[in-house]
Amino acid sequence: MNNCDNDAKDLIKLTYDKLSSDAVSESVVCPSCGAISMFIGTTRNNFEGKKVVQLEYEAYIPMAEAQLKKIFSDIRKTWPSVRHICVHHRLGVVPVMEASVIIGISSTHRSESLEAVKYCIDALKAAVPIWKKEIYETEGSSWKENKECLWGRNEVK
Amino acid sequence: MNNCDNDAKDLIKLTYDKLSSDAVSESVVCPSCGAISMFIGTTRNNFEGKKVVQLEYEAYIPMAEAQLKKIFSDIRKTWPSVRHICVHHRLGVVPVMEASVIIGISSTHRSESLEAVKYCIDALKAAVPIWKKEIYETEGSSWKENKECLWGRNEVK
Amino acid sequence: MNTEVLVLYFAKSAELADVRSETISVAREITSLQLWEELVNRHPRLSALRNQVVLAVRQEYVALEDQLLSLRSGDEVAVIPPLSGG
Amino acid sequence: MNTEVLVLYFAKSAELADVRSETISVAREITSLQLWEELVNRHPRLSALRNQVVLAVRQEYVALEDQLLSLRSGDEVAVIPPLSGG
């Protein structure tokens, strides 16, 4: 009955190309599931009053992929009705209002994919080696720090 | 600073056309927000062992729109950092694996849009006058009942 | 005193009544339960929905009970079987 | 006894060290804190990251502490400033 029981997909893409929510949602569609939950992180146009022109992302790519696989494995233990999991993260220059990350998770019960998406973005911010530099219109640039990251200064944002 | 403070958008579309997650996500992008949460309901290929060929949706359109607006208003009261809210619901024939509903909500804090999306789909299933008929390969068809709907039989699914 | 209202049938109620909309004449002062019984009188197969249906009057849900409705000419009344959107 | 490892620098650490990768010779038995101090000796500006950095050894996070690492030739060590993905 459940065509995708035997081939639960763990999909990861770190890419310099523009992200597409259609591509993510289509990659996790499952004929026996009814629910897809998604999270899209987009670049903001300001930080503490400074106008952000663009962002630049870099990643420790093989370790980022390995960390994402660990997160996926944790998700499958906690929410067994989750079927497919897909994370696309953009690298390089990301213009304001464009997506830096898109997460898509399908499940038979919608509450599971909704909770799993929340877990996934929280865990990604805490543990996946990816970095973002904000480039300001007037005052140079700065490397950001996720408040979820345990070894940062955890400054007030 | 927050370009969209003054024009929070409440977007509703009931349509016989195929839905697009890109269209929904793009409609709620907000330059001062960082988060978009989405839920996509897709048609399942089976119900209690019966193969579902397709679904047909119908709506009491003006009342459905009015009920969605009430839900949006409740969301804005509960999660004030929510900016734009968009619901696209498909009507008529929906083939298996295609989306019947897509919800997209942007917010400054991602936990708010994630919670608001969950509330929105729960409330939609409970209170928006839309109906779904499953058409089976062999045994005719049946009108479905959301377990969230207070006046249904609330059969075990 | 009677007034004319537009009755809309959706989903299973439209199949049972074999009509999607009709204009009927009913008492202005009528409870929602009495209004439902009027509709069942016109379309006896609707009784299959008893205990699993509500009405919408002027696009607001109304349970079947002894609450008195004040109907006005041209009001829209809808038969609302259990919802299954989403 | 020494061994050669590949050190990768990311984000702010790459800017401070002004290099993205280099092969260095270090003791096989060394604590993560000693390894960090080696890197700071080579690139003093890295000290700006003290208390806000971890290492990754063979792609596993390692806090700066007295835990002994067993490094092998060709191991990959990365300097990991606070994360900001998502």
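First chain written, first letter: the chains are A, B, C and D, and each begins at residue 1.
One rule holds for everything that comes next: a residue touches a chain if its C-beta (ideal position, glycine included) is under 8 Å from a C-beta of that chain, and two chains touch if they have at least 3 such contacts.
Chain by chain, the UniProt names read as follows: A, B = Molybdopterin synthase catalytic subunit; C, D = Molybdopterin synthase sulfur carrier subunit.
Because the structure is predicted, anything quoted here is derived from the model rather than measured.
Visitor: Starting at chain B, figure out the least number of steps needed to reach chain C through touching chains.
Guide: Minimum number of steps from chain B to chain C: 1.
Visitor: CA centre of chain C versus CA centre of chain D: separation in Å?
Guide: Spacing between the chain centres: roughly 73 Å.
Visitor: Can you compute the centre-to-centre distance for chain B and chain D, using the mean CA position of each chain? Integer Å is fine.
Guide: 48
Visitor: From the C-alpha centre of chain A to that of chain D, how far is it in Å?
Guide: Here chain A and chain D have centroids separated by 26 Å.
Visitor: Multi-chain contacts only, two chains or more: what residues does chain B have there?
Guide: Touching at least two other chains: 41, 121.
Visitor: Once the touch criterion is applied, which pairs of chains come out as touching?
Guide: Touching chain pairs, listed by label, are A-B, A-D, B-C.
Visitor: Chain B touches which residues of chain C in the complex?
Guide: Those in contact with chain B are residues 8, 10-12, 52-54, 56, 59, 61, 63, 78, 80-86.
Visitor: Under the touch definition given earlier, write down the residues of chain A that touch chain D in their complex.
Guide: Spelled out, the residues of chain A in touch with chain D are 41, 57-60, 62-64, 66, 89, 100-101, 121, 124-133, 143-146, 148-149, 151-153.
Visitor: Along chain B, where are the residues that touch chain A in the complex?
Guide: Answer in residue numbers: 1, 3, 20-22, 24-25, 29-46, 49, 96-97, 99, 106, 110-111, 114, 117-118, 121.
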